[in-house]
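After this come two complexes, each holding subunit A, first together with subunit B and then together with subunit C.
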Partner chain A sequence: MKILVAVKQVAALDEDFEIRSDGRAIDPEFLVRDLNEWDDFSLEEAVKIKEAAGGSVEVLAVSVGPEEVDESLRKCLAKGADRAVRIWDPAVEGSDPVAIARILAAVTRREAPDLLFAGVQSSDQAFAATGIATAGLLGWPHAAVVSKLSFAPGAKTALFRRELEGGLLHEVEIQVPAVLTIQAGINTPRYASLRSIKQAAAKPIELFGLADLGLTAADVGEAGSLSRIRRIYVPEKGRAQLIEGSAAEQARRLAAIIREFQGAAV
Partner chain B sequence: MNDSGAVTRILFEAFPAAEVRAFYLLGYSAIAVFFYGVYVQIRKYRRGAALALDGHVWGRLWDMASTVLSHRTIGRRDQSAGGAHRLIFYGFALLFLGTATITLQVDILEPLFGIRFWQGEFYLVFSLVLDIAGVALIAGLAYMMYRRGWLKLPKLDYARPDRAPGDPDFDRPQYRREDWAFLWILLVIGVTGFLLEAARLVWLQERPDVWDTRWWSPIGALIASGLRGAGFSATGAGLLRHGLWWFHGLIALALIALIPFTKVKHIFTAAGSLMVRDPLAAQRLARIPDSQKEPGVAKITDFTWKQLLNLDACTKCGRCHEACPARAVGAPLSPRDVILSLREFANATLQSGVLPDAAELDVHGKAPGQVAMETLWSCRTCMACVEICPVAVEHIPIIVQMRRKLVEDGAMDPLLQKTLQTIHKTGNSFGESKRKRGAWTKGLPVPVKDARKEPVDVLWFVGDYASFDPRNQKVSQTFAALLHEAGVDFGILYDGESNAGNDVRRVGEEGLYEVLATSNIAAMAGAQFNSVVTTDPHSYNTIRNEYPDFGGKVEIEHYTTLLKRLFDAGRLKVTQPIQRRVTFHDPCHLGRFNKGYDAPRDLLALLGCELVEMGRCKSNSFCCGAGGGRIWTPDPVGSEKPAQNRIREAAAIPGLEVYVVSCPKDLTMFEDALKTTGNEGKFVVKELIELIREAAPAAREPEITA
Partner chain C sequence: MSGILVIGEQRRGELRPITLELIGAAQRLRRDGVEVAVAIFASEPAQFTAALSIAGVDEIVTVAMDTPEFDPDGFESAAGALIEARRPEVVLVAHSVDSFGFAAALAAKHGFGFATDVFKLDRIDGELVATRGGYGQKLSVEVDFPGRSTVLLALRGSSFKTPEGSAAPRIGAFAAPRATSRSVGKEFFELSSADDVDMTSAEFILTVGRGIGEEAKVAQFSELADAIGATLGCSRPIADAGWLPKSRQVGQSGKTATACKLYIAMGVSGAIQHLAGMKHVNTIVAVNSDAGASIFGVATYGIVGDIFEISEELRRHF
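What follows is the complex of A and B.
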């Protein structure tokens, strides 16, 4: 019994960032990296299933990215993942969610897990596509935004709940193997003490290249993608001002501004 | 003076040989039970983890002996209890010495070497001394009984803040029974001793060597007169003496046998605890040895033997219970009860011949004897308990060791967990970018040197709050201006500096502390400077006391001593004295932790302030509630916060104008508490640096823009 958890190391903006010279990404020097918030929950969900089963479940954390991603994978190992796999090749640079899904699907075929968990979305790109695209490539049943899950290892189906608009809930039974994207808040992710992270550094992180997965450079990167980012930019700031003073002063000023606008419109 | 061998202590006179034999048999049995008990206790301690003490045995012995003999620690904040204990201690010690020397003569020196010294003048003087000792003992006991029975001191109430009425270990009436039994037994021994002495005198009134020297035992002689007045004949007194002799002897032997099993053992455990005292117990926490797989304390046997001894040293005097700021505001923590709980646990599990299974040794939880995580997380690590404990119980290392286990299990407030992750990610608790650490210097007229790039005389370790908190940034700017005007060549580490880790360590996140400490030590090693200054007492404590364990030994001082020197040297001058009524709050980490009581007060005097102390000041200063990582965990809504309790104390000072602090966290905590207690407008909270700026304004106003 195996659960594969796809995780991503996301980037958060530091103060006073700059955009890369090609205008298509943030200069990496201004990024602070961390494990994607949603992936914390999906990993915790997998580890909880493992702990409830008492040993017969293997949790495998998988990520696509360069060496610095090892830091996030180590956090996964510290929190209870049994193995960690990282896939990288310089050709992967520029991949969209579908190209990443192609890599994840290849790893999934190779590892043959009973469940594949992914976060609903990543906090930096927010495509919310990678998990479901992987299911599409695998031809597996899938469900997005899972907010409660019950699954006993060995069972043929998993039962889960999804949140719908308007406060409605879906209760769904799904055949395994399946892909589920996990919503934040499904559980309380455990704290990985620095000590446990350090100890996890002793565990190996398995590194796969494209050839290990039967892929070629044409399957990934911009060549393997269905979309590409043209540019990243900060929109021009709108005009807003805070009116200070007493209520009467504020009202007078507001009226003046309105008159100004009306005057400008006339 | 009578010097004949006839004048001596009457011992077994008129006892049939069988009774003497019976007494010896009982005596040896009592001693055997005593030693068995000692063995059981030592076996209990040895079931704790190993701990190597530094040598200095003689120094430790001297410290212990002088503390015990002077009663220095017992009288603190309770002079009358200290005085009464002194009477009991010296009374009991002399009486014990008297009995012991009689044994020395009768059972050892006389049968073996024929030496007798309990006679003549020596005996008479000694009997006088022992009568005085007996009076002292009884007087001390009488006061203690009065204190327990009538004074109803809250610190002697054993009701626990971390248990509810109805819980099996809520107020522990067995403790009260033991306390009273101890007092009564000692009192009965003392009183029957005098009665026995009197009965003996009446019984042997015909013997001049006894009767004519009776006033050398004045109390006995006085009672003897009473007995004679009441019509006791020599024969009647003889019978009374015989009965009393056995009664007195049996109770005394029972007491000896019971020492290791009752609170009486504090005679030994308190002395032992004082001997193994760590003067930096709270200031410098222990590292986790590389050989230790699981951090912290999960099982009772994870405590060191010294900590198990600490548990047994506690006499339930309640001084820590009274001093604890968490307890004072109704948090579910009393340092006393943490110790007593663990002691009950240790006694229940470690005194039997066979060690129970590991599962039964878990000290975390809510069952009797266990300590709940809410209790452990209530601690501010302010050191009030450790500082006042008369018998050197070291509560804080015990609490932090237990927290280390909680941290490993993730059993903590989600906000605290978030803060620790933030500190790991950004190096500060504000979640701000590392780059912004030095941003507060931007508004200064003169740029602050980057100590990583050029040598400086003084390296300023700024710390998180002084770097990122907007209110404290103003203080930092002011301090920079003062240093600049005094001509101090100083610099900071900018984004090379991280949170110093003092509070992270006290939370129990040792792994993160190691990361922070080694990072700061490396940053300091990369800079050239002669000494370090900081405005943050928390950073001050850990850099001063804990970084050396990680290879980072620097000269560091709190800003108060540096500014004091600058004033003394005339490099700063008071030109506009502040004639205001102020009070000063000693920060835990400056005062209790590092004894920095004087410099802030000297500075206030230099400024011309009228300092009115609060009742709880200096070593008894009352924590603002922010220590031990509590600044990152919200206090429960609706209950009083320690800072509010403190501000109310200050508000009682008539005409108070300024509440002076010298710690960034204090500024935050107390400005908040000033508002929430409705005291805003009555007085103000100010950093000492701000008062200094007012009293010593810049010659020409430098432009400081926020």
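What follows is the complex of A and C.
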């Protein structure tokens, strides 16, 4: 029994960032990287299933990206993943979520897990597409925005709740193997202990190239993508009128806004 | 063939309002001689034709489904067959939880051009260009779809105007091939909580976000909310951490601040899902130490500063 957890190393903007000279990406020097917030929850959900089963479940963390992504995979190993796989080839540069999904689908075929988890979305690009695109390419049953899950290893189905808009939940039963995208808040992700961080540092990270997965450069990058970035730009600033001054002065103005509201409400 | 196809969204017998926004977006995109068709998938789709007879719709396509509610396999199969049969140049769906569950799989399988969370649409030199956000809305990203004859776009809510006026579109049925569904939808549950607060009816809300840093700080803001007469709300990370009950969460998966007139957001960065629940509020005051936080993009007033310092100073006035 195996659970594959697809994770992404996301990027946040440094305070003073610069757009690359071709206008289509951020200069990587100005990006701060970390494991995607949602993926912390999907990894935890897989590890919880493993622990409840008392062994016999393997949790495999998979990520697509260059060497620096090893740092995020080590974090997954420290938090309970048994194995970590990274896939990279320079041709992957410029991939959209569907091109990434082609790679994840190929790894999934090779590893044949019972469940594939992915985060609902990534905090940097927020497509909310990679996991479900992977399911489409695999032809597997799938569900998005899972906020509660019951699954016993070996069972033919999983029962879950998907979190809809406005606080509504929908209970669904799905055939396994399946792809589920996991919502933040489904569990409380653990912190890695110092000891497990040390142990993770010594574990190998398996590296696959495109050929190992039966893929070519045409399957990934811009050629394998369903969209292409034309340009990125900083949008015009919003309409907020800034309240300047010391904290005391700012608070005085805020108090006046509240009084005005209270006066109008009476 | 050309044309714009809108895939409407219904849940439990009600048309979801974003469907009308999709129609508004389709109107913006339409060129001379291009028709706008709206498809609705339901076990009894005819019940929605009156609500869909709005200006700008040329045709309503009813698609009868085996299940009353969203089912990923059924939707993918029916939508795929409908698109292959009509070959529209653009297909519009909502960037919603139901679409999360099928649109990417559909696009990947059929090779449609694809982008999600789109809030702006243009034609530049005749080519379709979609704009979405990046890095917590700090950047806008323009994407295009070279070589794709059909493009599937999931549109962000509250980004396109709802059309006004009614019309008498043609109504036709599309017989979708039967799909084998591999999941079974069961019950719906409303978010319940011991806390009986109703965020939707609160007129004055003070919301705390990730910026409060730790659970022990919640009490301070709860006390402040009481003092100034506000209902205490929170953003998603605070509810996820269990620091405040889910019933106080404002945003897409939480509650919409429907009746709110004054909204003070403290330490809320302004994730798009949070903004969906409050950006309509008349007066919004954002307090955040990060001058680049996207909450300032929807706020009426902005205070760049330390939320603890501001809240302590504010408390002195009440």
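Definition applied: the second predicted complex is superposed on the first by the 234 of 266 C-alpha atoms of A that agree within 3 Å, B and C clash if a C-alpha of one lies under 4 Å from a C-alpha of the other, contacts with A are read in each partner's own complex, and residues count from 1 in each chain.
Definition applied: a contact is a pair of C-beta atoms (placed from the backbone, for glycine too) under 8 Å apart; a residue touches a chain by one contact, two chains touch by 3 or more.
The shown structure was predicted, so the numbers you read here are calculated from the model rather than taken from an experiment.
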First (subunit B), second (subunit C), both or neither touched by A:Glu15: both
Classify the contacts of A:Ala240 with the two partner chains as first (subunit B alone), second (subunit C alone), both, or neither. second
Let me test your reading of the model: by the given contact rule, A:Val32 touches which partner, first (subunit B), second (subunit C), both or neither? first
In the superposed arrangement, does A:Arg110 touch subunit B (first), subunit C (second), both or neither? neither
For A:Tyr191, decide between first (touching subunit B), second (touching subunit C), both and neither. first
Who contacts more of subunit A, subunit B or subunit C? C
Touching A:Arg252, do we find subunit B (first), subunit C (second), both, or neither? second
Dual-contact residues of subunit A, meaning touching subunit B and subunit C, are 15, 188
Subunit C residues within the subunit A interface of the complex: 11, 69, 72-73, 76, 95-98, 100-109, 111-117, 129-130, 133-146, 148, 182-191, 203-204, 228-229, 236-237, 239-242, 246-247, 249, 252-256, 261-262, 264, 272, 283, 285-287, 292, 296-306, 309-310, 313-314, 316-318
Taking the touch rule as given, give the residues of subunit B at its contact with subunit A in the complex, in rising order. 288, 295, 407-408, 410, 412, 414, 417, 420-421, 424-426, 432-433, 435-436, 509-512, 514-515
In the complex formed with subunit B, which residues of subunit A make contact? 14-16, 32, 34, 188, 190-191, 193-198
Can you list the residues on subunit A that touch subunit C in the complex? 11-13, 15, 26, 96-98, 101, 120, 123-137, 141-145, 161-175, 178, 181, 183-185, 188, 226-235, 237-243, 247-248, 250-255, 257-258, 261-262, 264-265
